[in-house]
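Labels run A, B, C and D following the written order; every chain starts at residue 1.
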Amino acid sequence: MTAPLNVAILGASGYTGSELVRLLLRHPRVAIRALTADRKAGQSMADVFPQFYGLDLPKLVTIAEVDLDAVDLVFCALPHGTTQTVIADLFARKPSLKVVDLSADFRLQDPAAYAEWYGHAHQALKLQEEAAFGLVELNREAIRAARLVANPGCHSTTSILPLVPLLRAGQIDPDGIVVVSATGMSGAGRAAKEEMLFSEVSEGTHAYGVGRHRHTAELDQEFDRAAGKPARATFTPLLLPQNRGIYATITVTLAGGATAEDLHATLAKTYGGEPFVSVLPFGRAPQSRHVRGSNRVQLGVAPDRRPDRAIVLSTLDNLVKGASGQAVQNMNLVAGFDETEGLGQLALFP
Amino acid sequence: MTAPLNVAILGASGYTGSELVRLLLRHPRVAIRALTADRKAGQSMADVFPQFYGLDLPKLVTIAEVDLDAVDLVFCALPHGTTQTVIADLFARKPSLKVVDLSADFRLQDPAAYAEWYGHAHQALKLQEEAAFGLVELNREAIRAARLVANPGCHSTTSILPLVPLLRAGQIDPDGIVVVSATGMSGAGRAAKEEMLFSEVSEGTHAYGVGRHRHTAELDQEFDRAAGKPARATFTPLLLPQNRGIYATITVTLAGGATAEDLHATLAKTYGGEPFVSVLPFGRAPQSRHVRGSNRVQLGVAPDRRPDRAIVLSTLDNLVKGASGQAVQNMNLVAGFDETEGLGQLALFP
Amino acid sequence: MTAPLNVAILGASGYTGSELVRLLLRHPRVAIRALTADRKAGQSMADVFPQFYGLDLPKLVTIAEVDLDAVDLVFCALPHGTTQTVIADLFARKPSLKVVDLSADFRLQDPAAYAEWYGHAHQALKLQEEAAFGLVELNREAIRAARLVANPGCHSTTSILPLVPLLRAGQIDPDGIVVVSATGMSGAGRAAKEEMLFSEVSEGTHAYGVGRHRHTAELDQEFDRAAGKPARATFTPLLLPQNRGIYATITVTLAGGATAEDLHATLAKTYGGEPFVSVLPFGRAPQSRHVRGSNRVQLGVAPDRRPDRAIVLSTLDNLVKGASGQAVQNMNLVAGFDETEGLGQLALFP
Amino acid sequence: MTAPLNVAILGASGYTGSELVRLLLRHPRVAIRALTADRKAGQSMADVFPQFYGLDLPKLVTIAEVDLDAVDLVFCALPHGTTQTVIADLFARKPSLKVVDLSADFRLQDPAAYAEWYGHAHQALKLQEEAAFGLVELNREAIRAARLVANPGCHSTTSILPLVPLLRAGQIDPDGIVVVSATGMSGAGRAAKEEMLFSEVSEGTHAYGVGRHRHTAELDQEFDRAAGKPARATFTPLLLPQNRGIYATITVTLAGGATAEDLHATLAKTYGGEPFVSVLPFGRAPQSRHVRGSNRVQLGVAPDRRPDRAIVLSTLDNLVKGASGQAVQNMNLVAGFDETEGLGQLALFP
């Protein structure tokens, strides 16, 4: 057996961090060498996430304490904004390092778009240019060659996967896309905020970030590229009273004479060989619970009663394919492993 | 004190039936004279709904056992389809009766539309013509004069209330409406079906009836009338893991030079004096939990980053303003009571 | 019509505060004159609790800003510990004031017990002696005469109501009581803490404060009095993934030759005339959802397969009968109103 | 590589059936040869459980259609009562078969106890005598040698695991055990019943089967054996508004001079080398969400404020260690595999 890939997880006390630990502990070719959590440094991972009681894991340390010599690849699960300087510093210390970044910092390739959506100039422009957009099914070759992979947003992955093939095929109008993307609470992270309390979130639903959610910028970037012209979707996120799952209800205007059946055929053909994408039979609606805990995406296409529109439905687990699972998938590509390694776990339903 | 209005509730063993009992037991001018539930006839209401232990209520009987002489007004909370013959029979027995019907049977005024959406000819065409559409805020005068009121659907009420004023004002394009209407489970009723089990519904979300939900026909009827021309919205319902609450995320295309702010102003003006409709400050998103258990609707308008579109958000409790609360509001009008009587209960949050 | 009772609510930005507002806004004999929330002073109540949009309420102010001359009765919904000095100060400013305190500060009448369970000496010993324990069904006369009422804890109310009559009757062994009291999250308040986040609480259950929850002291006080000797129950609280509802599963050892049926008879007799307590038929288990949002308690008694034990079940809504509803009930007694005034609202189920 | 173990799952359309499929599809030494579901025969597994879209699985057939020649081991996930004749018939057709039964039919070894708790004489007395009680950690050697393993009940596993070592050690009084065992809904199965609807179960809690739940008989059998004399616990099950997880709150009376710390030491020692049982640090309460989806049990011991009692807490996932996971663990023993094979999946939290 060959030596394992040695990884560190920066930001292990959040949900994407713990989800990386869950997946990597069972990955046959990986060894977890370091876990960081600045404010909880010194604690054991089992103190912070009791599901890990009885498992062998490194103690939580600060980023400064990580011995980069012992690490081949770093997962960054840190807040947006600070990540770019942390990663620039990592590469300065060890240029041969591989990094999979789960923050938003390197997803937008256009510095102007970054500045517009994030309100400040990017602090690591060269790395921004270098980073590969880590939506595996659409960008596999670039990811394989990359030193830095920008794991896409959870809402973004959910909508980009079904829409890019349809835009490329000219089957939908780039100007007629309406996305309502409903997400479970775990996507909001583990910071203690009043609006995230159980009593504020359970037994109810609401829209948030209406008209200005930052994942919209990722849609723009990928939709423009696929359509070959500006494609400005309307994107409204909802918050659901559930832990996991993103569910995108996408209304599209048909183009080029395509029917809803044609859209279905395009998606079925595009993703027919993909290990993590299932296209359901025409007319059938996926359910977020049927991908819970797995790295799988389920897609559906249904006709509208209006012949000029169709409904595209897409669902995934925001912490797996929408974050840590896709990050492991990216790691597998970067490290030259089989892409599905360590990601075989099936959905937990009910 | 004057004599109370004597009412019967047909179909008291379902959730809209029990919700009528909850509201009417505390209504100062109503006496509940009869409760029916064909399959549970003979049981007490507290056996079927234990929240009523210790309260004085008539036993459940069959419809045939109801003494119409002792009843002034009947609430029909029966399944779609059979209701039309039940009500025709009631009026045959007692023409002076008043009826508030919570089923879909009398909502569509066009016999052709009914036949198209429900798959069979209407069995009580004269009554269909006579029935008033019971969306109170938009049809008050007709309801006051009616003998038969067709309580609108829960999804329908949620979307018609915000969109009709905007269509009337010519501020939105009748051809550019996309509704995603998410509902809690109680709207599906109390019939024992596998897909309604807790384990099938909790911790997940999915679309249902995509492209063909029957409430669409109610939208068509009211939108056409308001727009003065065909207005065919795309309507996709979602099922949420919560008991109560409908949340409509409505993407509209602006028309006539209107801005999102203009839409907000129109709604604020239209509903400024309404006791049960609140228009939130511009840009603010309502939450379904903030209307739970009350007869209130909360509306919001927010700008999209696309200047030609806006987001309209609407929420209500599907069992109250979406069903039994609005039915009581209709009863109040029909009986000449103050419209808010018995409906003062505020939202239960958390 | 006589002048309304003028009330102030100190601590209106928490859940017991908003629940007081919900109930008092519909109370026919009360006017809300002041609402305080030190950290949110200056905001409107609708900013803090959007369910109140469109309703007429005073702005949030600091406690210092409240004009006591305009107030007859104060509800204190402030944190434990600080409350005692706040109330002492209120009485110093206006001795004729009435106060219903929802904190734990005045519930324990024995200064030593207070010091033991709360870790410091009481700061207002005279008031502690003066305060009436506000468990209405068991202490009505003392409450009517009181200037200061200590509203009991939510867990305490749930267990004291069924057990005190049984202890008084000598039908259960004071030394053989085991209480497992499961509560919804709203009882934990609205402070932003990691362990109260939706993702930390939903889809799971756990015990907390095992062997040392402070409500145990209230059980001791009332059980000792009822038994006429020390009665030390074992009390374990659980946290449930639901907003509202306490559900106590109480295992008792029978005494004095009593059977489970005898226990049921005692409770049925004790509470037969009570407006807010229902004793279900023998053997029937109550459900917390059937009292949600109401001021009602449902009690059940069932036999164990061991003839020397029985199971007593008790449930209430922790924010209503377990806090704000009982506080209004106490206010009604203090003010000389009908005890049920403003508390007629029935349970919201589903 | 050696030939895989060929298995059939009888009753694949229920939750324990789908959970077996989830686990066995990823088991490196097993091939699923047949899936039965009498009423859904002819459908694909993905029609019945859409989480399996895109995976290669046999179609659902009737039991009669299963080719036993191609099968080494059968999992029985059928209803109680009918299972005993089904299994007797299987052994009649193929005596060399191995069977892991998830029903209650072979758990009680005493025919009189079976008749008492299930209301009729056992129909396969010889097999009843032959069956091994499949609580792995306590009965490993017998299971390894068995042809028929009776997988224990979910509630039973949760309470037997912590209590048997304590009874054996004489550290707790066999006459002083009170168990309150709260379970998620998935334990109730997938049959469509009114009381299992989302709206009947969410946002609330209640006791069921009080004083007479059949898992009590399994406790009696194992506790008697461990204590060497009759040990009659009081056992009250609660139903929680969550999918998965059993949480037992066990109040024990200390014996033989033992303290709560001693109990903790006994459990830590007993289970120190077990791959699926974690004993948390003294005083720490486990949470059901921290074992969700895994085969793990978490145990806790905390002192009561009464020196003669202690609180033992035990939690597991009712569908995994409480049913299908333990069934796979039993299969591993019967087949001579490593006991942990295919059961490595960690808990899904949040």
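Assume a residue touches a chain if its C-beta (ideal position, glycine included) is under 8 Å from a C-beta of that chain, and two chains touch if they have at least 3 such contacts.
In this text, all values refer to a predicted model and were calculated from it rather than measured experimentally.
*Asks:* Identify the chains adjacent to both chain A and chain D in the sense defined at the top.
*Replies:* Neighbours common to chain A and chain D are B, C.
*Asks:* Please report how many Å separate the Cα centroid of chain B from that of chain D, as a whole number.
*Replies:* So the centre of chain B lies 45 Å away from the centre of chain D.
*Asks:* How many angstrom lie between the centres of chain A and chain B, each centre taken as the mean Cα position?
*Replies:* Once rounded, the distance between the two centres reads 39 Å.
*Asks:* Where the centres are mean C-alpha positions, what is the separation of chain B from chain C, in Å?
*Replies:* Distance between chain centres: 36 Å.
*Asks:* For chain C, write out the residues touching at least two other chains, lowest number first.
*Replies:* Only 15, 185-186, 199-200, 202-203, 241-244, 286-287, 289-290, 292, 350 qualify.
*Asks:* With chains as vertices joined when they touch, what's the shape: line, ring, star, complete or other?
*Replies:* complete
*Asks:* For a test of understanding, state which residues of chain A touch chain C in their complex under the given definition.
*Replies:* Those residues of chain A that touch chain C are 15, 185-186, 190, 192-194, 196-203, 241-243.
*Asks:* Help me check something: in the complex, which residues belonging to chain C touch chain B?
*Replies:* Touch list, chain C to chain B: 15, 18, 22, 25-26, 49-55, 185-186, 202-203, 243-244, 278, 280, 286-287, 289-294, 296, 298, 319, 344-350.
*Asks:* Mind pulling up the chain C residues that touch chain D in the complex?
*Replies:* On the chain C side, the touching residues are 178, 180, 182, 184, 199-200, 202-208, 210-212, 216, 232, 234, 236, 238, 240-245, 247, 249, 251, 283, 285-290, 292, 300, 302-306, 309, 311, 313, 315, 350.
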